[in-house]
Structure formats: structure tokens, C-alpha cells
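Two complexes come next, and they have one chain in common, chain A, joined by chain B in the first and chain C in the second.
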Partner chain A sequence: MTRRFRPDVDAPIYKGRYYPYDILKEGTIALVVVSLLVVVCATLFGSPDEPAVTLKQWSTAQPLDFASTALAELDGSSGVAGYGPPYNHNADGQQIGPLTLAKWMGVHIPVNAAEDFVLLPLTTLPDEPTLSAGLQEWAAASDAQRTTWLNAYAKGTMTFSAGVIYDTATGDGPVGLFITDLTSMARTGALDADLIAGRGYYTTDYTKPLLFLADGQWFGQLATAQHLGGEQWGMMNEEGNYPGQAWLWLYTMWYQVPPYNSSWSANADAMVWATMMVLTAILALLPFIPGLRSVPRWTRVYRLIWREHYRDEAQRNAAVKDPPSA
Partner chain B sequence: MKGEHVAALYALFGALVPLTSPGHYIQWHWIQISVANVVVIFLMIVTFIAALLLPFPGRRRRRGDDK
Partner chain C sequence: MSASEIDRQWTTRLRKGLAHHLPAEKLLPDTQPSYVSSWIYVFGVATLASMIVVIGTGCILAIMGPQWWHQSSVGHYVNSLHLWSVEVFFFSMVVHLWGKFFMAAWRGKRQLVWITGVVTFLASVTTAFTGYVSQTNFDSQWISTQAKDGINATGAGAFFNVLNTGQMLMWHILLLPLAAVVLTVLHVLLVRYRGVVPPFELTATDEVHAS
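Entry: the complex of A and B
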């Protein structure tokens, strides 16, 4: 008993003539041509490598934004301080419904925003007896006392003059000194060096300065000005008029539409990732999905590619059906 | 000397296609895309259509073999 031919799974046995084909030659030519194209296009259209922005640039360009962000790091209200895993335990982090993915992975890049971004760098400043006393006062204070100082400082008006941060706050303990000294430290470039210290001379680990930068307004403004913001399809853009990563259109598209940018926005990264994984699985399993696997057969694009073969086949069939008379 | 030629080539290309100037973007409802990316996508579509429609190289030789 012969098995029924299934057009969306089985391939008919080819009965036509076979031709020799030098696939190694074609592969070599394709490799050389594509390699040349890559080199030429990368030379002409590759965007320039902008130097990385620094905390020094930020605190020089917008000292008040830097100082406000430093205060947010100290009082725990910044984005990183309340992010959760992988940085800390202050939230559940990214999750998909009840699946707390980030929490499962744990805190593997520990960041204590107040300690790492403010207090520890200040301890490295030499010959600052007033600051040292302030740090000791902070260390000895209770959480309630620290909160009182932070709230008092936040009620004041912050200004910047002659390279120094001032605040009209009273009863703020050592907080004003911390913010002023940290801003001055950042403006010298010492904070950039301190946040990457201990990671080797040729470090590529800029996690801490980058997280600090990302908590402020200035970094986002730079990105927005270059159309690189998340809400600007920034993932597929490059600076200026350089072509970008057009192939990331689907990935970045989800961030622009509800519910990813509304009710799911807090977990948008995880939700977009999950969506793309589902779509990738569908693509990988296409030969096993009835209906979808038949789309190429229905659209008949293959007949356009192999039109010569099908034309010859039609002529042969016509000749067999209606042979020329003798 | 070679470096000068390359620099001159860059300058010529830069004059034709000013890539470093502020980017141009197309906005349509919630869709936003750079003109540079539109050009790239258009060229990819053109390449795809050309790959479909252009005859395979060596077709005539193969046909000659048939005869």
C-alpha cells in the first residue's frame, strides 16, 4: 500500500536531467564579493565611534542635575537604587506575569547606590577633615536621623555658583557637604576614575558610571537629541544620517505599542524578550506547523525563481500530450 | 600620498552624502524611522526582487548543452 502524497511535507521525486554545478566556485565568489561589500560599506557608512560620555562631562555641563541625582542615590529614590535584581533586593526586577525571572537569576551585579556612588568615593578624597567627620557622623546615625537630614536637604533650594553646589537647607546634617564635595569631585574627573577602580588597568567594565549616568536627566537628553531614545525606535538608529540596525525593527517596535508601553511598561524588557522568543520558536519550528508551512506553496514564489524549469516542463508536457504530426 | 587620496575620497563622499549632519526622520503616527534606514530597507527589497527576477548566470551555456 502506497502512502498518500502530502504536498506540504513530501517532495516529489525529481525525474529531470541533472547538471554539474561547481558550488565551491560559487561559494568562493560569493564570499569574496560579500567581504568586499562589507569592507567598502563599513568604510563609507560606518558611524564614527563617539567617545564615551563621562561623569566629569555631566557634572560640568549640568551640575544641578548631577547633584540632584547624587541626592537620589543617597536617599534611595533613584532608578538603580529601586531597580531590584540584578543590582539589589529592593524590588522584584523584570518579570513575566508570575515568573520573576530577574529574581530567579539573583543579584549578580551588586550595587548599593548610596555606598557605591556617593559614600565610598567620598572616602577616597584626601585631606578633607570636615568631610571625614561628616562621613563618621553619617555612619553613626540611625536610619531615622539620616531620613530627617535627607528630607531637610531636599526642602532647600539648590544652586550652583563658581564651581560649587549650594543649598539653602538647614538641619541637613552632613548631606549638603556630601553633595557639594561629590559634585566637585566629579568635575575633576576623580569620580570617573574611582568608579572603575579595582577593575584592572584596561578595564571594559563601566557598569557603575553608566548606571549613575542613566539615573540623571542629562544622559537621556543626549540620547533623545540623537534619536536614540527607547520611545524613538532608538534601538535601530545611529547618530546623524548614518544607517542603523534596520533589522531590529521588530524588536524595537514592541516598545512603541500598547500594552508594552502602557500596562506592561515596568516589565517591557522581559515582555518584549518573551514575545521575540515565541516568534523565534515559531520561525524555527515552521516546518512542523500545519498551515504556516504551506504558505510558500500557496504564494508560489518558488515558481518565479525556477520559472525556466517550469516553462520547460510545461513545454515537454504539451509535447507529450499533443505530439507534432509526422 | 595614499592617505591624501583616501581623505579626498572621504571628502567627496561626505559632500555627496552628508552623514554627520543632523539625522532626518520620517514620522507616521507611532512609526518613526530614519531616512537612512528607509534607504537601506528599500535597497534590500530591490535586491530581493532583482534576485527573483534576474536570470541565473550560465543559463545560456546550460541550454546549449541540452541541444
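Entry: the complex of A and C
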């Protein structure tokens, strides 16, 4: 018993002509042509290399933004402070319906925003008896007392003058001192050094300084000016007019459309990833999905791809039906 | 050792299997069916060619170290070559993928060829992404801080930390290229084993239109 031929699953046995084909020669020509194309593009367009920014640059360019972010790290209201896994337990992380994948994986890169970004760096400043006393006062205080100080500081008006952060707050305990000294520390570059080298002399892990940097407004403003913002198709872009990771267009697109940017926005990242995983599975398993695997036959684009073959076939068939007379 | 014992050896079986399924005429063919004359076939070869340029320029960057291209005009030029070879690679690969889709290139027991192609594309996307976050410049700072949320949301961020430049660089220059190359070799061997998919057969209606 023979099985029925399925045109979207089975392929006909080719009984036509074969031509000489030098696969190595073709490969070599392709390598030369591609190399030349790459050389031309690299010579004409180059590549972007905007230097990395630092906490020193941030605190110098926008000291009030830096100081406000430092306060948010200290009082627990910053993005990182309330992030959840994999950095801390202060939230559950995003979820896909009942699936809390980040929470299930747990905290593997512990970050305590107040300790790591504010208090520990301040302890490294030498010869600061007032600051040391303030840190001891903070360490000995209850959570309620700390909250009272933080609330008092937040009610004041923050200003920046002559290289120093000031605040009109009263009853803020050591908080004002922390913010002022941390900003001054950042402006010297010492905070960059501390956050980068905090784990030892040799390091390649920039998690903490990057998280701190990303909590402020300044970093996002720089990116928006380079049309790299999330609402500007974000990370698939590259500085200037370079093409960037154009192949991420579908992934980035979901962030621009409802419900991902509206009712699902709280879990947008998780939902976009879930969507992409489903679409990727469909793409990989396309040969097994009835209907979808028939699309190529229905669209008939193959007639364009193999147009020479079909023309030759048609001519050969016509010759067989109507052979030339002897 | 008897002949049957030798035949049962893993090495013997592998050698005989390779000789049977992938004889030299299949691995390095000197003829092709006449339908393999469309422009679309160029993009598969172009993908392989640009992959060689990507790896070659990447090797030069690896030899000189991750900071070299920021400090040297020659290094910057090599980085430009690396960037544009990646752009050509993905352009070729995407056109190749769409071409194979419209040819329904999975027909005739070629499903695994299609799947290895798709997985190679995914491995390549991840390789490129880790390269973008390993640049040690503003771009890598911004892309990594943006991308962390998506990866953290899947739970993978616990072990795949895009803010850890050293970890990303290792993935970019060793693990992922290794995966991409192995998958590409497997993909090409499967193509050689199964051959290039033949065109759809013309229906009676098609033949009327063609004549």
C-alpha cells in the first residue's frame, strides 16, 4: 500500500538535469565578495563608540538628580530597592499569569540598595569623624527612627551650590550628611572606584554601578537623546544612524503596542518573552503544523524563486507534446 | 578479535555510517540539480562566508583584548569590520530563512534541516546580543540595563547576568560562537545528506499557465 503524496511534507523525486557545480569555487567567490562588502561598509561608515559614562560624570552634570536617586536608594523607593529577584526579596518580580519565574529562581545576585549604594561606600571615606558618627547613629537607630529622618529630609528643598548639596530639612538626623557626602564622593570619582572594585582589585562585574546609574533620570535622558529609549524601539537601535540589532525588531515591537504597553505593562517583559517563546516554537516546528506549513504553496512565491526551472519544464513538456517534425 | 566484534565497535559503526550516509560525492558535490540556479541560493553561501569574516575579525579583537578598539584607530577599524560583517551575516541569514520558508524546504524528510537552521538563528541572535553588551561603552551600558528586565523576568537573570561584562564576554567569544558553529556544521551536513529540496511539482493548472 502506497502512502498519499502530501505536497507540504513530501518532496517529489527529481529526475531532471544536473549541471556542473564547483562548490569550493562558489564558496571562495562568496567569501571574497562578502569581505569586500564588509571592507567598503567599514571604511565608509565605521562603527559607533560613545564612551561609557560614570557616576562621576552623572553627579557632576546633574548633582540634584544624583542626590535624589541616592536618597531613593537609601529610603527603599528606587527601582532596584524594590526590584525583587534576582537582586532582593522586596518584590516577587514579573509574572506570566500564575507563573512567577523570577521568584522561583530566587535571589542570586544580592543587592541591598541602601547598604551597597550609600552606606558601605560612605564607610570607605577616610578621616571623616562627623560622617563616622552619623553612620554609627544610623546603625544604632530603629527602623521607625530612620523612616522619620528620611521623611523629614524629603520634606526639605534640595539645592546644589559651590559643589555641595544642601537641604532645608530639619530633624533629618544623619541623612542630609549622607546625601551631601555621597554626592561629593561621587563627584571625585571615588564612588565609581568603590562600586566597581568593591569585590576586589580585579573585576569584570559592573552590576552595582550600572544598577545605580539606571535608577537615575540622567542616564535615560542621554539614551533618549541618542534615540535609544524604550518608546523609541529601545535596545535594537544603536547610537547615531547605525543599524544596530535590527533582527530584534519583532521582540522590540511588542513593547510599543497594547496590551503590552497598557494593561500588561506591569509584566510587559515577561509577557513579551512568553510571546516570543511561543512564536519561536511555532517557527521551529513549522514543518509539523498543518495549515502554516502550506503557506509557501498557497502564496506561490516559489514560482518566482524557481522560475527558470518551471520555464524549462514547461518548454520540455511542450516539446514532448508537440515534437518537431522530422 | 573476530570480525563481528570489530563490526560492533563504536568506531567501526561510525565510520561505516558516515561512509554510507555522507560519501565524498555528497559532501563535496561537483554537480547540482538544474533548479539550484536561483539567486536565493546565494544567501546561504553568503551567510557562511560572512560568518567566517565575523569569526576572523572577532579573533583579532580577542587577541588584542576588549579595550584595544577604544584606544587604537586600527582596533576601531577592526571593530567596524566585525560590526558590518555581523550586519551582512544577519541580512543574509534572514533572507536565506525566508527563502527556505517560501520553498517549504522542510519537505522530503528535511524537517531537521529546518529546525537546526532556526536554532542556529537563535544562537546567532544571542551571540550578537552578548557582543553588544560586551562593548564596554555607552551602548553596552544602556543595552544591558534595558535588557536585564526581560531576562530577569524569565528567571534566567539569576544565572545569565547581562550587567556582568566578564560573564557576557565569555559567552560572546567562547560558548555561543561554539554553539553557533557546531549547529551550522550540523545544518550543512544535513543539507548535504538530504540534498537541496526539489521544487513543488506543477499542477495541471500551473502547466496551462506556464505554457
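Going forward, the second predicted complex is superposed on the first by the 309 of 326 C-alpha atoms of A that agree within 3 Å, B and C clash if a C-alpha of one lies under 4 Å from a C-alpha of the other, contacts with A are read in each partner's own complex, and residues count from 1 in each chain.
Basically, contacts are C-beta pairs under 8 Å (C-beta built on N, C-alpha and C of every residue); 3 or more make two chains touch, one makes a residue touch a chain.
As the structure is a prediction and not an experimental result, all values here were calculated from the model.
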item: Contacts of A:E238 with chain B and chain C, given as first, second, both or neither; value: both
item: Touch count on chain A, higher of chain B and chain C; value: C
item: Chain B versus chain C as contact partner of A:A318, first or second or both or neither; value: second
item: Which superposed partner A:V257 touches (first chain B, second chain C, both, neither); value: first
item: Partner chain in contact with A:F45 - chain B first, chain C second, else both or neither; value: both
item: Contacts of A:F160 with chain B and chain C, given as first, second, both or neither; value: neither
item: Partner chain(s) touched by A:A246 [first = chain B, second = chain C, both, neither]; value: both
item: Which superposed partner A:V301 touches (first chain B, second chain C, both, neither); value: both
item: First, second, both or neither for A:L222, with chain B first and chain C second; value: second
item: Shared contact residues on chain A - chain B and chain C; value: 17, 19, 45, 47-48, 226, 238-239, 242-243, 246, 301, 305, 308
item: In the complex, chain B residues that touch chain A; value: 13, 17-25, 30-37, 39-41, 44, 52-53, 55-56, 59, 62, 65-66
item: Residue numbers on chain C that touch chain A, as the complex places them; value: 28-38, 40, 42, 45-46, 48-50, 52-53, 69-70, 76-77, 79-85, 87-88, 90, 92, 94, 99, 101-104, 106-108, 110-111, 114-115, 118-119, 122, 125, 128-129, 132, 135-147, 149-150, 152-159, 161, 163-167, 169, 197-202, 206-207, 210-211
item: In the complex with chain C, residue positions of chain A that touch it; value: 7-14, 16-24, 26-27, 30-31, 33-35, 37-39, 41-43, 45-53, 85-86, 93-94, 101-102, 104-109, 203-207, 210-211, 213-214, 219, 222-223, 226, 228, 230, 234-235, 238-239, 242-243, 245-248, 267, 269-270, 272-273, 280, 283-288, 293, 295-297, 299, 301-303, 305-314, 317-318
item: Complex contact set, residues of chain A against chain B; value: 17, 19, 44-45, 47-48, 226-227, 232-233, 236-244, 246, 249, 256-257, 301, 304-305, 308
